[in-house]
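Order as written gives the chain letters A, B and C; numbering starts at 1 within each chain.
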Amino acid sequence: MNLLKEFDLHDPAKSGQELHSFAAELFPICRSITGEGIRQTLAMIQSRIPLKVSDVPSGTSVFDWTVPKEWNIRDAYIKAPNGKRVVDFRDCNLHVVNYSRPIHETMLLSELKPHLFTIPKNPEWIPYRTSYYKEDWGFCLSHNQLLALEDGKYEVCIDSTLENGHLTYGECSLPGRSTDEILISCHACHPSLANDNLSGLTVATHLSRFLARRDLRYSYRFLFIPGTIGAITWLARNQEQAGRIRHGLVLTCIGDSGKFHYKKSRHGVAEMDRASAHVLKHNSQDPEILEFSPYGYDERQYCSPGFNLAVGCLMRSVWGTFPEYHTSADNLEFIHPQELEQSLRVCVAIIDVLENNRRYRNLRPYCEPQLGRRNLYRPTGGDDIGAEINARLWVLNLSDGKHSLLDIAERSGLPFSMINDAADVLFQGGLLELGSD
Amino acid sequence: MNLLKEFDLHDPAKSGQELHSFAAELFPICRSITGEGIRQTLAMIQSRIPLKVSDVPSGTSVFDWTVPKEWNIRDAYIKAPNGKRVVDFRDCNLHVVNYSRPIHETMLLSELKPHLFTIPKNPEWIPYRTSYYKEDWGFCLSHNQLLALEDGKYEVCIDSTLENGHLTYGECSLPGRSTDEILISCHACHPSLANDNLSGLTVATHLSRFLARRDLRYSYRFLFIPGTIGAITWLARNQEQAGRIRHGLVLTCIGDSGKFHYKKSRHGVAEMDRASAHVLKHNSQDPEILEFSPYGYDERQYCSPGFNLAVGCLMRSVWGTFPEYHTSADNLEFIHPQELEQSLRVCVAIIDVLENNRRYRNLRPYCEPQLGRRNLYRPTGGDDIGAEINARLWVLNLSDGKHSLLDIAERSGLPFSMINDAADVLFQGGLLELGSD
Amino acid sequence: MNLLKEFDLHDPAKSGQELHSFAAELFPICRSITGEGIRQTLAMIQSRIPLKVSDVPSGTSVFDWTVPKEWNIRDAYIKAPNGKRVVDFRDCNLHVVNYSRPIHETMLLSELKPHLFTIPKNPEWIPYRTSYYKEDWGFCLSHNQLLALEDGKYEVCIDSTLENGHLTYGECSLPGRSTDEILISCHACHPSLANDNLSGLTVATHLSRFLARRDLRYSYRFLFIPGTIGAITWLARNQEQAGRIRHGLVLTCIGDSGKFHYKKSRHGVAEMDRASAHVLKHNSQDPEILEFSPYGYDERQYCSPGFNLAVGCLMRSVWGTFPEYHTSADNLEFIHPQELEQSLRVCVAIIDVLENNRRYRNLRPYCEPQLGRRNLYRPTGGDDIGAEINARLWVLNLSDGKHSLLDIAERSGLPFSMINDAADVLFQGGLLELGSD
């Protein structure tokens, strides 16, 4: 099934708009690695695709880790000596250090200051901070807000709870002809940050919706999970299932206007690595392929040596390298319908390669078969043969049961879709048979 | 046997002149993939080297193809309304679309025009066109000729025959000590085009004459064949024989003043590929090594997956990339004695590598043997040792039975001829024995 | 044992000064491949490290060579017609062609001239010449000295002896936990030349002193030998012992201010080759890694095909490429305390890699272990993790029993020392076990 051609029947402007609107709906929610925010987010995804939501109790052992307490928050503020809220959670949920323990005290500005975080270089932006694995509290605010604070007594309130509860994640499986799986994973734990990672969430949701009810070679598993602890929890509870994952992709920061980056899996030469590099080369401007490193998003867990799954990470701008990263400037203006749509298309194109990457055997391997009498060649001697016929010659030449279509696409320099079309035509023409996998 | 040294005893100016004169003799003949033209051409080659000429009847099945009818032509012209021949086959055989079916009709210019081919960009040149596998007819003329045609009735005559007959090719075998073969193949089906491929025909003929009656390691097979269908026919009739071909070279477009190009075999790392790249690097200016692709000349057939022979293609300017390609400008002025001669020398140098590329074993493998007392070293300590002695040290160091002389030449950066000389001297000096192949 | 950290406890200025002073002590001695000069040199080394000195009689067969006669010299001069010594061995021992046979004659300047060697390009410098394997005599002088010689009769005297005696070399072994050895070899046969090779002698001596009495993984063998014939003699007498050498380094020209060069062993990818390239990349400015070639210093013998030891060569400026090479300008001003010290440090760093280059196995291979609760991670989410924590993630990710620490250092781009520290911390923390070698 040629997924990319099917995809290109869609109206890209409409699809891009839908992606952005979905991100806008999700934006205001105060998510964290546990709690109501992520549950609410999963519910909104569930209204679009069939999602199995799992709750894992706090305290559960997951490999070397323990599922943490559940965090919820109703309100938070800093009141100035004059009684006015000068920092207000209701304005922006980034104002509270995520996972802050509850506090309600009055203190001097000097006592408060060690708990305040700003970005002096971008004095209008609010930073995003967490304190997941150390009980603490704090506020994030713009540097200009900080400079405006006068000495005196401040009322500090974080009306949060940190109690035994559950860690929640969602998964969506699409069955294919094989039980071998392709994993699409994205973290769903960040509060009001658009590129990181509402872009991943929305693209994954739409990708799942696009693939649903199609005739697929692979089975698909979409994970919407809290970063790090979510991936660890899922892997700990699905160790056997993880063994079926043949290819995987972590989606993050794919809504901004940066060029594409693909970070390779630990293998470095996995089919996913090659498919992604090939697709980006032929479907995007000046993409960059990054070597694997053990720091980053949840590919860290999927590529840990005990699993060593062929999971790469697709990004536009790379986390940590753009100034808006983990700040209030990573907002709905920072991501765009067109970019979200193009990222979705790239995901479809990568999956299209994996779905169709087969090995064929040329049934007329001695000399070229006569394409002319099959109307598969140019009519007049001397003209240029063009890329389509060239693709047919490549497929015939390299279809010895050893070269996959991706091998042929790479060696010929032609896009996979053209090689795949050539194989289709030659297969229809009785010149190829399917090789064994 | 050191073929290159033998070759360099020749007078290059004289040899170049002979090559060009031979091309000039062959130039006027109207060749095609079948018919009298190619037979006459083969007869002229036969007057220089022992050539076995084979005739294969039209209709014979050769793999996926059928040997086509034989095409012959006596005359062809377009007569203007005033009765004057405005396009005349007797002026230039490119004027007729090669393989045109017979026609003798009167028609309006507007009816004629769809059958006329020109090159608007080069309005003085006549293009070369064929219609081998679709029965059709046409004329090629200069664009200026076309512009001069006035409305009116034209008499159109192509006095050709397209009937059952034979496909003809020539082969010359030179026996060597081994039944393993080196194949030299060139297409002989083009009419008055000098670089494509009288250059290949003449160089191959002289190469064969040079190799004849020498003590050769390999057996040699020279094929003078119509392009595509000729190679397919030979392979179909000599499938077993083809299995003996260990190295091969297609010669085409090697008489012009362009720099050398070598297109690799499908293997890409075959000994022929490495030998050719090495020889061009050390014996020509700024050569270019091209990756294999399944389109081109008859390497397409030799490198089809069922055969997968280690056959590359030696060119100067690459077909399709120079404006004179497949036009009347590819004439006897476009090729030069000096370039033909240098191409011949490069062929000899490549064969010299293949003939002498052996593995030796150092009989004094523990430390360096004392070259000084054998007069194989410099006399005074402190001087530079020079490339000759350096070559000896390389041969001694890497002659462990695993490295071939070509391996050593590549790793040392020294020319094969120098490495081969070093091996000769050391072998004479009792420091090397021949390894098993 | 972390050798580099131990080494960095030294005072580099003091150590550099000691190296240079030692070179200054050795400088005046007239060394050759045999004779009192090298014996005296070895005695001075022996006063610093335990050295076993071996004497091998002239005439002994060593592989393809024969141990030569012993050369000693008391005096040499050229007296001008006026009776004045115009060339005097007592001024500089380079004045005599090393290994000159005795002569005492009177001759015309024209008869003398073929025996005189100068450097016209550097008219103040005296060249260094030898005539080891051909009995001859000669003088080296500055070109200005030569130009000043007037016609007339000259008294020529070389008061040397060339008689049966011994070839002498020194070796120092340091036992380690394994009988596998690391070889450090330097030639000790050059007369008053500082960089070539008092630099190698002094650094090797201090390296040996530094390693003595430490807890070492490998055993170490330091060779102080006459060039070429010394290495051949040692190998011929220790063929079995040589089989234990797992890594080796020839030290030469490492006292000048040139950037570092490392010439790879014949293997090219040996652990020594990779360790040296890695250390130079992280510990020196703009180093250059040279491919193996069979010409050079004693790596020629160690890398002969019968031995094929993983022995590379560490240099600063490469022999033959700097004008002072093999001239009187290679003197004590040409080498510097700081450069000698840095070369010593690089040697220690290379050995540090080899000593500590182990394979570990991650005991928590499924997902990342929780470094935070072990105080091995940053405290607050969102901050950059820094190189130290990054090194820990790399070690955990690649410690699958297959990747060595050097593999991890290379792949991560981090210095070995940092990777090694990370492995230490993780091993202490119970997260790693040692893999089998």
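We adopt the following convention: a contact is a pair of C-beta atoms (placed from the backbone, for glycine too) under 8 Å apart; a residue touches a chain by one contact, two chains touch by 3 or more.
The structure presented is a predicted model; accordingly, all values stated were derived computationally and were not measured.
Visitor: Taking shared residue numbers divided by all residue numbers at the interface, is the value for subunit A and subunit C over half (same) or under half (different)?
Guide: Interface between subunit A and subunit C is built from largely different residues.
Visitor: For the sequence-identical pair subunit B and subunit C, determine the rotation angle of the Cα superposition and round it to the nearest 5 degrees.
Guide: 120
Visitor: Report the inter-centroid distance (CA atoms only) between subunit A and subunit C in whole Å.
Guide: Their C-alpha centroids are separated by 54 Å.
Visitor: Which residues of subunit A are in contact with two or more other chains?
Guide: Subunit A, residues with two or more chain partners: not present.
Visitor: Going by the contact rule at the top, pick out the subunit C residues touching subunit B in the complex.
Guide: Touching subunit B: residues 62-65, 98, 127-134, 228, 231-232, 235-236, 239, 266, 291, 293-295, 300-301, 303-308, 320, 326 of subunit C.
Visitor: Name, in rising order, each residue of subunit C that touches subunit A in their complex.
Guide: Those in contact with subunit A are residues 362, 364-370, 372-373, 379-382, 384-385, 390, 393-394, 396-400, 412.
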